[in-house]
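Two complexes come next, and they have one chain in common, chain A, joined by chain B in the first and chain C in the second.
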Partner chain A sequence: MGNVVKERGLVLEKTFVAVGKQLTQAGVGQKVLELILIGVVFLILVPFLGAHRATDFAIFCIIVLSFDLLYGYMGRLSFGHLLYVGVGAYTVGLALRYLTTNPLLAIVLGIVAACLAGMAVGAITVRIAGAAFALANLAFNRVGWFLVMSPLKDITGGENGLSIRNLSFWYVNFRNPTFRFWFVLASLLLVFLLLRVFTSSSYGVLLRSIKEDEKRVRFLGYNTQFYKWVTFVLAATVAGFGGALTALNYGYVNPNTLDVHANAGIVFACLLGGSGRLYGALLGGIIYMLITNLLPVYFQRWEFFLGVALLLIVFRFRGGIWGGLEALYSGLAARAKSGSSKEGMSR
Partner chain B sequence: MIYAIMYGLTVGAVLYLISVGFSLTFGTMRVINFAHTITYTLGAYLLIASIRSLGVPFFWGGAVGVVVAALAGYCIERFVIRRLYGESLDYTFIATYAVFLIGVDIVKWLWGVFPKPVSDPLGKTVDILGFVFPTYRLLVILLAIVVFFGLELFMRKTMVGKIIVAALDNREGVRCLGIGVEKYFSLAFVLGSALAALGGVLYAPITAVHPYMGSHILLLCFAVVLTGGLGNLRGTFLASFALGMLISITGRYWPAGSEIVAFIAMAAVLLARPIEA
Partner chain C sequence: MLQVAGIDVAYGHAKVLHDVSLDLEEGKMLFVVGRNGAGKTTLLRTIMGLLRPLKGSIYFDGGDITGLPPEQLYHRGIRYVTQDKKVFGSLTVRENIEIAAYSSGEPLSQALDKVLEIYPKMKDFLNLKAGQLSGGQRQILLIGQAMVGNPRLLLVDEPTQGLAAIVINEIARILKHLKGRLSAVVVEQNLPLVSQLADRVVALKEGKVTQVLDDASEICNTSLLEKAL
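Up next is the complex of A and B:
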């Protein structure tokens, strides 16, 4: 037992040291460049979509990023990720109604609530191997949806949803679309930076090893259940942050935020962009939102489209768009290398 | 109370019919077949369609539903699941979920989104010890028990059944004996689809038929299969009746809890016995 605790402490310590190093020393310039690039992409989107929709896109990207940590990096497919989004959103709504007038404090409360929900559900579902994990999470999502719809109807407003009061406080004014946009963009960059640092640390390597072969990682002496649980909680927490922002962005919460069938959208966005790559998640989030915004104008049967697209991805395009781009790039690089060996050498 | 038990038995019977197929595919291939819901929904809708537009009696409508749904099940197995054998199970899950989405949309397109009621085909009641029960529900329970014993006989006495049972226990071992398990999985899959459609047909007069009726039932079946044990057909039988009872009795004393009590039971079982695939 003592060994296990020591070992956990050791890896966590290593991770924190690595995170600290990453933040202070190596590759700071590159990360700043990446963040600026993402920011610029969203700023370019604003004139086309309007600030409100661009905010929506950014929030969805946060949720997809959190899902990508769980599915793309650790290889655990969850069909109940919206539960935590819903928990975050409802906590913000209820906190602003009954507890506080400060939206920032409400966001913190939403994140904590999603974290706690993730801890409780994760403790049960992480023990399930294989595809049953996905369905068990879906079951818990359904339980959450039902709780909001019926037994807790009096405080959550049931089907009608919950309008949020006290959107402005001090300089923090969530009634102003421009403020919302900048706040959400900053949150997205923060989340991206955090996940970028996490996934490139030794903890991230451990996650990818669990994805490849959990048994071997266990033979190496790691308590994989514990790390799976930590990752689950982390993903839930980030998703709760996304949910809290959703609530503040719309000014109301309704049960659709944790609709069980909407989970397919997140999975689709993640696969479309390319799972296991943070850029893929961002790209997938943006393209998915573009599709959902534009497609209904031309084509009514949304679920049919989603189903066919998912089948196509599963059968043909596993890597998604980002994977395709990477393959294209490496193919071009290889050709350039064989074309002129001198250039290849200098690389 | 007697009525609650009766209702619980009915729900348990229907749950059993749907869970068997799910349990077979989950137990043999470790594949979670989300498209199982669509064969169930399809069975119920075909029943309604054939009763309303063809004017056939309930029995033949049900037969049409079961046969067509079994064919649909075969197509799903042949063209989606078989192409993903030996790959990550997550892809199979996503693919069957995609089939579910397509199926639901087709159902919506053909028959609309609004729930459709089906009338009780028998409409008679039986008087037992002063309690009045609808005959139809008694028949449903009886049918589930017949199916259970039929499956038991099939699994124990025929060669095909024995191979499926062996594959439930150890798939690699069966393959080592030189038996092409895929063929038998396919058979088990079609059998499961037909039984799911039968469940849909039988449950239609008790509840309303709507496009998403399958997804809730599937989660309940999942709870049943996990509670009863993976690929354990007797366990599935017992667990479906136990959970059906639990749902109905909870519904009597705490109506809001009846929807979630099955999942609480599932969580308790999972805490006691994690699944290692």
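Up next is the complex of A and C:
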């Protein structure tokens, strides 16, 4: 027992060192530039969509980023990721109703609750893989939905949901759409930065190795169950953050936040943008939201286009849009390189 | 250093190893030879904790390691190079080494030096996806990866299988370089290579040890090795 605790302590210490190294390494300027570019993209969306909808887009991107960590990087497809979004959202709703008037404290409580839920569910589900993993998570998501709808309906409001009254505290005013937009955009950039650092550290390499061949990773001395659990908890925590922001953006929480069917949307967005790439998750999140928000205005059966896009991804563009752009860039770079070397030879 | 004491191993009801015993001293190379299906790979997998023997025990440095999981054995200094030559193909060569360095706590630069020491040409491939390497280069990368950290015992399964003669020579050179620096149990069917490198040869037939050769003159005699099969 003592050895296990010691080993896990060492693992956490190593992770901390690896992430810290990434943060302090060269390339900080590049990371800042990336954050500015993402911020600019969302600012461009505001005049077309309005601050409220742009905020919604940014929250969805946070949720897709959290899912990408689990699926894109670690290769574990879950159909129950919205459970943690729901836990975050309901915790914020309940906290602001019964515990505090401070939305920031409610967000922290939402994140902690999602983290605890991830720790409990992850301890069971990371032991399994493949379809069983996806379905076990779906089952837990279903249990969460059932709890909200039935045994806990007196406090969650059941099907009617829960309205949140305390949305402003001191300078923090979630009633103001502009404030919400800036707050959520800052949150998205923070989440992106953390995941960027995390996935480009040695820990990120480890996750990709687990995705490729977990058995071989064990031959290299890793207790893969523990690392999978840590990643699952991290993904759940970030999703819970997204859920907490959803609750504050709408001032209302209802069971749709953890509707199992909506998990397909997250999976789709991740595939569309390109799984295993943070930019892919961002791009997928934005494009998916554009499709689901704008297409219904023009086409009654707009889901048809989603289906076609999914088929194209599965059969033709496995790397998603971002993967396609990467392939295009490498092709062009290779062609330019071979062109310049031929030119050199002819001289 | 390593002692396998009378192990029986089965896949379901089919017994594959029958009362197999062997001893390996520190810094020595033991080669396991035998026809296909003799139980050579099963023996390595059992030492590595992937299979639990029905009876018998495995000791490493005097401690019982029977059935310990691979991740624990790694931190005791035991490395396993499988025969499938599977590297992490979507990672770069550098990342393949980094993942081993991260586990063992060795600085990446030091880990890279170790790999480049056994195969300097790997320097040209460090930023290449490991999946793009040839079979021989993958095998060398796997051996290099196993050298990261503080390995004491190397378990290598058919390192030259399916490789061209020129690559086999390279692998032989690397194994020769490692000889004396660490202990190794190598499963191999290439008898000339066995005769070059082995300090001890154990022949397996139908899951049983049929012969143990210790004498250098016997090991150097490939026709005698052929008979042992």
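The rule is simple: the second predicted complex is superposed on the first by the 318 of 347 C-alpha atoms of A that agree within 3 Å, B and C clash if a C-alpha of one lies under 4 Å from a C-alpha of the other, contacts with A are read in each partner's own complex, and residues count from 1 in each chain.
The rule we apply is simple: contacts are C-beta pairs under 8 Å (C-beta built on N, C-alpha and C of every residue); 3 or more make two chains touch, one makes a residue touch a chain.
Every value quoted in this text rests on a predicted model; they were computed, and no experiment measured them.
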Chain B versus chain C as contact partner of A:Asp213, first or second or both or neither: second
Partner chain(s) touched by A:Phe146 [first = chain B, second = chain C, both, neither]: first
Residues of chain A touched, compared between chain B and chain C (which is higher): B
Chain B versus chain C as contact partner of A:Leu311, first or second or both or neither: first
First (chain B), second (chain C), both or neither touched by A:Phe299: neither
Touching partner for A:Tyr329 - first (chain B), second (chain C), both, neither: neither
Those residues of chain A which chain B touches in one complex and chain C touches in the other: none
In the complex, chain A residues that touch chain B: 71, 75, 77, 79, 124-125, 127-132, 134-136, 138-140, 142-143, 146-147, 150-151, 260-261, 264, 267, 271, 301-304, 306-311, 314-315, 318
For the chain A and chain C complex, residues of the former touching the latter: 14, 18, 202-203, 205-206, 208-209, 212-213, 216-224
Residues of chain C that touch chain A when the two form their complex: 48, 69-71, 74-75, 79-80, 82, 86, 88-91, 95, 98-105, 145, 149
Of chain B, residues touching chain A in the complex: 26, 30-32, 34, 80, 83-84, 88-95, 97-102, 104-106, 108-109, 212, 215-216, 218-219, 222-223, 226, 256-257, 259-260, 263, 266-267, 270-271, 274-277
